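Submitted below is the structure of interest, expressed as structure tokens.
Read from first to last, the chains carry the letters A, B, C and D; within each, the first residue is number 1.
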Amino acid sequence: MSKLISVEDAVANISDGMSIMAGGFMGCGNAHNLVQAIIDAGLKDLTMISNDASMPGYGIAKLVEQRRVRKLITSHVGLNPQVAVQMNAGELEVELVPQGTLVERIRSGGAGLGGVLTPTGIGTLVADGKPVITVDGREYLLEKPLRADVALISGYRVDKNGNIWYRGDARNFNPVMATAADVVIVEADHLVELGDIPAEDVVTPGVFVDYIVTGGSL
Amino acid sequence: MSKLISVEDAVANISDGMSIMAGGFMGCGNAHNLVQAIIDAGLKDLTMISNDASMPGYGIAKLVEQRRVRKLITSHVGLNPQVAVQMNAGELEVELVPQGTLVERIRSGGAGLGGVLTPTGIGTLVADGKPVITVDGREYLLEKPLRADVALISGYRVDKNGNIWYRGDARNFNPVMATAADVVIVEADHLVELGDIPAEDVVTPGVFVDYIVTGGSL
Amino acid sequence: MTATTLDRSNLKEIVARRVARELRDGDFVNLGIGLPTLVPQFLPTDVRVTLQAEVGMVGAGPCPEVDAAPRYVVDAGGKPASIRIGGAFIDSVTSFTLIRGGHVDATVLGALQVDSEGNLANWIIPGKMVPGMGGAMDLVVGAKRVIVAMEHTQRGEPKILPRCTLPLTALGCVNLIVTEMGVIEVQPYGLLLTEINPDLEVADVVAATAAPLRISSSLTVML
Amino acid sequence: MTATTLDRSNLKEIVARRVARELRDGDFVNLGIGLPTLVPQFLPTDVRVTLQAEVGMVGAGPCPEVDAAPRYVVDAGGKPASIRIGGAFIDSVTSFTLIRGGHVDATVLGALQVDSEGNLANWIIPGKMVPGMGGAMDLVVGAKRVIVAMEHTQRGEPKILPRCTLPLTALGCVNLIVTEMGVIEVQPYGLLLTEINPDLEVADVVAATAAPLRISSSLTVML
């Protein structure tokens, strides 16, 4: 049962209105071919969960520019001016989440936990409407787990089991997102043989990965 | 400011009655020289936090056998018969924690979170006296963060910044414990030069590590 | 032949062989100590499963004939182990992200007691045996499928009860019970015997089971 | 010379130079965008700090002259960056374990407003600028020491207020404020001016500060 499929077959797992996690930080670590294939497939009304909205013309920014995104759950949109334009026009919903809370909410979703107790956001707009739990005299916000229908992962070296090794800081949100979606698709910059990634140096074990596509490159 | 010190100087950071986290799983990943140095230094009344109590004569089992431990916070003690003997004699307090909860409590302590919301233990003895929080209709135990005065880490390759690469499954609790103690001491099987561990393959970044001792070996 | 006269020499093999049929090609599986570790040898050649070891392996292999990494690659009992090519060493955080997060397709483990509601007791006999729960509580809560593989009785006493009397490992977690006597599904209404050891009568299984036992209308022989 | 006539050409350098004196050898430091990134060039040679980049670096280096890893090593703005020998690439989970978990010795960042209680506002101007908070909320909650490095006023309007009017980044998180006019500690009782730009009078600083300002009895010149 091979995990290796075409980019088109991979994107066939996605339907209009689905939630998609995309690893990456200002486009570094986005799965660029998969993003393009989503655009080519005409998919729309997506909920995107990602650290940011990337930069004009690069990576997941294109999904916003092509108006495929209905809702963004993210920590920063300042480098993609289209977000403000569509947000102010009421065309795009944006849920801003502190970066450390975003990563923990995803981790919580992937690890079977009931949420995150974080001091971040206490006393700010972020706390509005959220339960506050006191543990040993200190207050924490209860932030809920996040999961997605699909995760788009970018890996530098990927073997046929789906084991992933990341290059540079393209790693960022990719490993945690690979734990928290129903369907996990990794775009490999380099497909390698089993054993080429030493067992100690695997960052994302292949059991988290459902499908592998090739041809990746940042 | 070198992190490299002698085993004796490292153990001088520990006092009677302190809490100590020790990485390892049935002794695999214990810092064996540091354990011996604790015994040689005559330290006692320790609270040990570790996955298990190892096996007779090996690693942290010796701390129990030498009666240096007042309290054990752990998930499994079945392979070290001395624990049951001392526990039944009322000489040793044992707090049993599910393994996944133990690792998350430590992670929570190291990551500045207020605790763990886990489904594990609901409806069992483990839940006694603990708050139950309902999130989206499912019940979770609130388990508190764990930190220690000192963490004893075992690393295979360690560079002078304290960056650690672990061999085999000696990794286990070591990386998470390196995040959750006031003083973190790593015992290096092999001290290597800066850069010998590729930046992508560092498992524990050196900023978590306060002191390095050499001469480690499982 | 009755339960008491059942040939006990290959009892573990009967159970392990039947459990092996529950696993699917590509499954990610955690096996408890003892009997469950026998399961892989009974897998058909076209069914490949990836074994998880909570000590920190995805793709755990068998005990090595020559120990290539003495004391650096061990199983949960601290004994020499191995990892398969294409496996990964992971830390305990990731190990339980896999376990608690629903990434493990099935876990196979023993039991002291199981009951009509699928409650499981397998970690403590107060005053007698207090080894600790290790990873068991997380496994039975997190794995997609929990299969209890055990002897049907303990010194002739039923282990399948209307209600567990020992402290629980988890509530309502068990999906399937496989013993030398048969295969029992945990259903919302209680326990259902779906397969039976061909050397036994239904009455034998009922007699050895303290919990109420429905008998499947399509009861088949246990293979 | 008054605040309005202060030479503004080297204003950022004044602030960065003074902030550099707050850092100790061995410190693990996160620097916000803009002015704070100037701090390292003013460190004495015997003070080595390790820089964190929340995108995923421990030991971040400067923008490379020749980009050895185009698009694989970037800073928080997506621009080419580098890592020092002995550094580590980490994922976002680890990045915020470091930040929220109290492992970062100091963070230096800009502000829209700071107030008498050490409250900070630096992420949103409702209706005008909504870039998102990125990692700032975690940084100011988690770092051992929070140093605000900014211009004392914004187009002549005070940024140091009795009470922030913009939405907060965090409550009571700021330890020290360094501006071109002086150095202000956040104390339990309010703000304390401890150092002053030698080109200014105390009255200049007080006039440019909307919050009540105590003057240290050991007020010294800002270096």
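The rule we apply is simple: contacts are C-beta pairs under 8 Å (C-beta built on N, C-alpha and C of every residue); 3 or more make two chains touch, one makes a residue touch a chain.
Note that the coordinates shown come from a computational prediction; the quantities given were computed from them, not determined experimentally.
K.L.:
Work out which chains are contact partners of both chain A and chain D.
P.N.:
B
K.L.:
Comparing the two chain pairs, does A-C have more C-beta contacts than B-C, or is it the other way round?
P.N.:
Result: the pair with more contacts is B-C.
K.L.:
Using mean CA coordinates as chain centres, what's the chain B-chain C distance in Å?
P.N.:
Chain centres of chain B and chain C, defined by C-alpha means, are spaced 29 Å apart.
K.L.:
Between chain C and chain D, tell me the centre distance in angstrom, where each centre is the average of that chain's C-alpha atoms.
P.N.:
56
K.L.:
In whole angstrom, how far does the Cα centroid of chain A sit from the Cα centroid of chain C?
P.N.:
35
K.L.:
Taking each chain's centre as the mean position of its Cα atoms, how many Å separate chain A from chain B?
P.N.:
Each chain's C-alpha centroid was found; their separation is 32 Å.
K.L.:
Could you list which residues of chain D touch at least two other chains?
P.N.:
Residues 83, 89-90, 96, 99-100, 141-142.
K.L.:
Which residue numbers or ranges of chain B touch two or more of the other chains?
P.N.:
In chain B, 104, 107, 111-113, 118-119, 166-168, 171, 200 touch at least two other chains.
K.L.:
Draw the chains as points, connect those that touch, then say whether the picture is a line, ring, star, complete or other.
P.N.:
Graph shape here is other: it fits none of the named patterns.
K.L.:
Touching pairs of chains, which are they?
P.N.:
Touch list across chains, by label: A-B, A-C, A-D, B-C, B-D.
K.L.:
Residues of chain A touching chain B in their complex?
P.N.:
Touching chain B: residues 104, 108, 111-119, 133, 135-136, 138, 140, 142, 144-145, 165-168, 171, 200-201 of chain A.
K.L.:
List the residues on chain B that touch chain C in their complex, please.
P.N.:
Listed in rising order, the residues are 25-28, 51-52, 54-55, 58, 74-79, 84, 87, 94, 96, 98-101, 103-104, 107, 118-126, 156, 166-176, 203, 218.
K.L.:
Under the definition above, what is the set of chain A residues touching chain C in their complex?
P.N.:
Going by the criterion above, the answer is residues 1, 107, 110-113, 159-161, 163, 179-180, 194-195, 199-200, 202, 205-208.
K.L.:
Can you list the chain D residues touching chain A in their complex?
P.N.:
Residues in contact with chain A: 53-57, 69-74, 76-78, 81, 83, 89-93, 95-96, 99-100, 124, 130-138, 141-142, 167-171.
K.L.:
Quick check: in the complex, which residue numbers of chain D touch chain B?
P.N.:
25-26, 28, 50, 52, 58-59, 83, 85-90, 94, 96-103, 141-142
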